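The same chain A turns up in both complexes below, where it pairs with chain B and then with chain C.
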Partner chain A sequence: MNSKGGFTIQRMLFGAVLLAILLVTPHLLSFHHKDLLIFLTINVLAVCSYRLVTLTGEWSLIHAVMMGVGAYTVALSVNHFELAIWFTLPLAGVAAGLVAALLCFPLLRMTQFYFLIGSFAAGEAIRLTWVEFVGVFGGTSGLRGVEAPIVWGIDFLDPIPYYYFSLCVVTICLIILYRIEHSRVGLTLHAIHWKAPLAESVGVDAWRYRALAFILGSFFAGIAGGLKVQYLGSVTPNQFTIGFMVFILIWVIVGGYNKFYGPIIGVVVLTIFDESIRSFEIMRPAIYGGMLILSILFLPLGLESIPAKLKFWFGSGTSPDEPPLSDQ
Partner chain B sequence: MELFLQSIANGLVQGGFFALFAVGLVLIFGVMGVVNFAHGELVMVGAFTIWVLHAQAGLAYIPAIAVAIVLVTVIGLLMERLLFRPTRSDPLAGLICSIGVLFILQVIAALVGGDGPSKQVPPPYQGTLVMFDALRIPYQRVFSLAISVAALVSLWFFLTQTKFGWALRAVAMDREAAELQGINTNRTSMVAIGVGTALAGLAGGLIAPLTNINPHMGHNVIVTAFIVTIVGGVGSLSGAVLAAILYALFHTLITVYFGGTIATISGLVLMVAVLIVKPTGLMGVSISE
Partner chain C sequence: MSILEMNNVTKQFGGLMALDDVSFQIDEGEIRGLIGPNGAGKSTMFKNIAGFYKPTSGSIVYRGVNLEGKQPHTIAEMGIVRTFQETTLFQELSVFENALVGAHIKSRSNVFSAVLGLDRLKQQAASEKVMDVLEFMGLTERKDQLASELPLGSQRALALAIALVSEPRMMLMDEPFAGMNAEETNHMMGLTRKVRESGITIVLVEHDMKAVMGLCNYLTVLNFGKLLAEGTPDEIRNNDRVIEAYLGGV
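Then we have the complex of A and B:
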């Protein structure tokens, strides 16, 4: 982990090019692809916040439902109280964070396989409450007619302003997530993952830190869910099934979860890939599944590790197949 | 009261199915340490095979079940050999690979069955068993209950009375120690996944005439299997069977009186409660690290 950055010429150049690409892209795309670009931006936040949860080495299956908690919070607060987007988005995060805080008590008593299944069960139970309580949550057809926000006279029903808006929100969230990971808290999370007994022996309360990661990750998932519903205008329980959760998992793993930018690479590459095989229609999930298996078997550290691998093959650099912080 | 008794009877039949696929999942997890997320899809493949061979091609029901079992077992053995064995050092990798298989099997089923509504298989055994003038159980259900019980008894016999069964349980308890005793753990894994997936194929074959068959039917199966596995205690086969029967009764009764969604929600809440109060489940023993 290279946290000592510094602004070199290369970095500034890279940043400028990236910014230019991000700003220009929506103007070059068709309407359908603009939609996709907005969802991609939101999904970047989903995978990065998920990575924060996994830093402690625990993989949850509730992250998609946490996005749903955010989405339903926004839908309900817009429909009933007509709150502005400046209030609804933080509210979505807080709601998801609160639900996560409550779930910490049962779920974080478990680890590994138990945590995986327990989080799946808790998530599915929450999702089914949305299905069951039609009066509040609208049942299977969900909540509709969430009006698109109008800010400073700009109508966010139009994809381009909304894209810029969500890009800003997601960037701010990513900076915060990056700062968290490279702070003392983030380092402690890494320590709990790789050397839990040692970390505890020097006085780290592992439970508290795992809870913190879970709550913060869910907070940002809630914001991502909120962003989604503000654009779509509707929310249904089917948007947050285990199917979507599996996609988050795939993006993170195929991209590589050892580096901050790994999941971002994963979600961007796979979204483009998914779009390029659009014509295969019914075959798409199978192609996706095959890719997933191949990348697990042949690229266990994800797409992110390709440059290191190339370096290794051509003679310089260290073996890329070791996790960065494991005890070797 | 009649409704209550009828629900109990239906619940028992359902418990037989639940036990068949949950036991397979437990066996695979116990011996190989892999959560097979595609287990529900294996049941779906079994059911689809019955639809293709029995309902479409006209093969008799029993041979169709045999083909379903063989087909699903072959898929399972391929999964072990090609996916789970190379990724044994990382349990998460095995799980992700099985998710990949899940997608592939769903697509194959959709290609075979085509789009459109869920498929139905007409029950091969007509007629209804009437007991005490009030209790009515279709013969089809009687048949599946009998086969489920027979399969579970044979599994129990295999695991407790044969040398290979002992070896299998030894690997589940402690892989390294079993290896030191000269047990071939790779072969044991093949047997475990073979037996586990064969049971899934059988469950699919038995469930086919009683349900709507579609490529996504595996979802409910895996949710149920997780609940049953956790409530019974991960790694405990007898716990899984007991939990399957209890959960099936619980689910059937709540469905009858409060509706299906409430039943599943309560099942999931029950599971989380079990995880909190007794993480080792009904019959599980705590595993020291």
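Then we have the complex of A and C:
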């Protein structure tokens, strides 16, 4: 539609470099960092699926728990039916999507802060179910022994094959999420965010689209949770507390939620940053927190807005805090 | 033949009677003016018709169907589309995208065909429809601009375009001329006539009397939530009760 065509070669080059980095990185890392890389890959899916939920303008606090629903689904299906990873992951997504679909009825009667608090309460209710129903969910110590088995000669207990596997799964999910956002469905979600009554006046059922975003976002959160538990081999209620939810929020906000790739930048940069200050020991949370405050103060649109800001300071561009001008 | 019938419509907010037993009919193909002093209940009437409010009592019948209990999006699908006071647009979307949202009823996409690209033909048809309407509204050159960057006149034209893309049978226009200068008003009057000539019934709430008198073939006057008078522009202009309600202001 606009003059992006001229950049094709540049884009292909960028893609090739990115692919090379993604493929080579695990071989250069220590065992501990390989683990971290896998969790980072999974967290990329967590933040991108969360962004889909926020497209309609509603921010939930249940996304981490939806990952947990996926994780417990995988754990139960492995423990009881010994299902292979090809089946458990889609099942994790479907389970989280179904739970989200049921929760739509009470939760989507609310908007804004009420939705935020309502989703938090619903999430805690689900999480406490895992704690209290010890017979089924194993209580606070959770469920164990759900490592991904060796499939087709691929040993998923080894971090490198598992990393490649999760990279494939996450990439497929990201492509789907990207296509949804850039389709008519995505346009309708944006429209509901900016002016719900106007969208309704031309026939958009805002409630259904909010529900759709919530269910789809939860579906992909479930897959992320499933990926996590198949690598860790165990699942506990403590992995999906409000604490982890706050991390998802921070990654999305610091990265910038206006663009598809913003949250990805957020989770990658903050994970690397957090790891690089590991040697500061007890000062680590303070440094991390300080950096968050600085980035939110000076980059309210997120890390994603840095290139536009630089362009503004060094010449031609428009202020990134204003809506950008179109190509014309 | 009447396309819309208001039968004893009453809307009460606590102790306030916003609409008090109002009945009138609108014929297919007319431009009906709905006028009255501030607080007369004009916008409340619109919101009741479009499903944003539910009447306390009485019924609104559109082409033989009672609209009671219908959601705004259902009423839009039945062919009644409203535009809003001020400039209500998707400010952060481009002109083209704004109008494309209007094509929702005819060309909505589901997630599967969106991801797999299965409905390309339908989407192409929607794009063509949008471009036709933008052309009709004189917005073709501005199609890639953000809605927030448009001058007032073009913003109002875009609001009309969004409504038109949805191919309504009836359009409720809420103060489309507010804040416009003489030139913009003339342009907008031309656009409104064009819309009506394309076969769409228009109900117009407006304070700009020059525009109302110039456009409408029949007027309905509300005052304090009650029906005050009905008639042609000339009859209304000379109606004593109307003049009194406006304190001689017509």
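Points worth noting:
By our rule, the second predicted complex is superposed on the first by the 314 of 328 C-alpha atoms of A that agree within 3 Å, B and C clash if a C-alpha of one lies under 4 Å from a C-alpha of the other, contacts with A are read in each partner's own complex, and residues count from 1 in each chain.
Definition applied: contacts are C-beta pairs under 8 Å (C-beta built on N, C-alpha and C of every residue); 3 or more make two chains touch, one makes a residue touch a chain.
Everything numeric in this text was worked out from a predicted model, so none of it was measured.
Of the two partner chains placed by superposition, only chain B is touched by A:Ile253; chain C is not. In the superposed model, A:Thr188 lies in contact with chain C only, and not with chain B. In the superposed model, A:Leu292 makes contact with chain B only, not with chain C. When both complexes are overlaid on chain A, the residue A:Ser30 reaches neither chain B nor chain C.
Of the two partner chains placed by the overlay, neither chain B nor chain C lies in contact with A:Thr8. Of the two partner chains, chain C is the only one touched by A:Gly203; chain B is not. By the document's definition of touching, neither partner reaches A:Ser279: not chain B, not chain C. Common to the chain B and chain C interfaces on chain A is no residue. Every residue of chain B that touches chain A in the complex is listed here, in rising order: 29, 35, 83, 86-87, 90-93, 95-97, 99-104, 106-108, 110-111, 115, 219, 223, 226-227, 229-230, 234, 259, 261-262, 264-265, 268-269, 271-273, 275-276, 279.
By the touch criterion given at the top, residues 1-2, 176, 179-180, 183-188, 190-191, 194-195, 197-206, 212, 216, 323, 325-328 of chain A touch chain C in their complex. Chain C contributes residues 50, 52, 71-73, 76-77, 81-84, 88-94, 97, 100-102, 104-105, 107-111, 114-115, 117, 123, 126, 144-146, 148-149, 162-163, 165-166 to its touches with chain A in the complex. Residues of chain A that touch chain B in their complex: 59, 106-107, 109-110, 112-114, 116-118, 120-122, 124-125, 128-129, 131-132, 242, 246, 249-250, 253, 282-286, 288-293, 296-297, 300.
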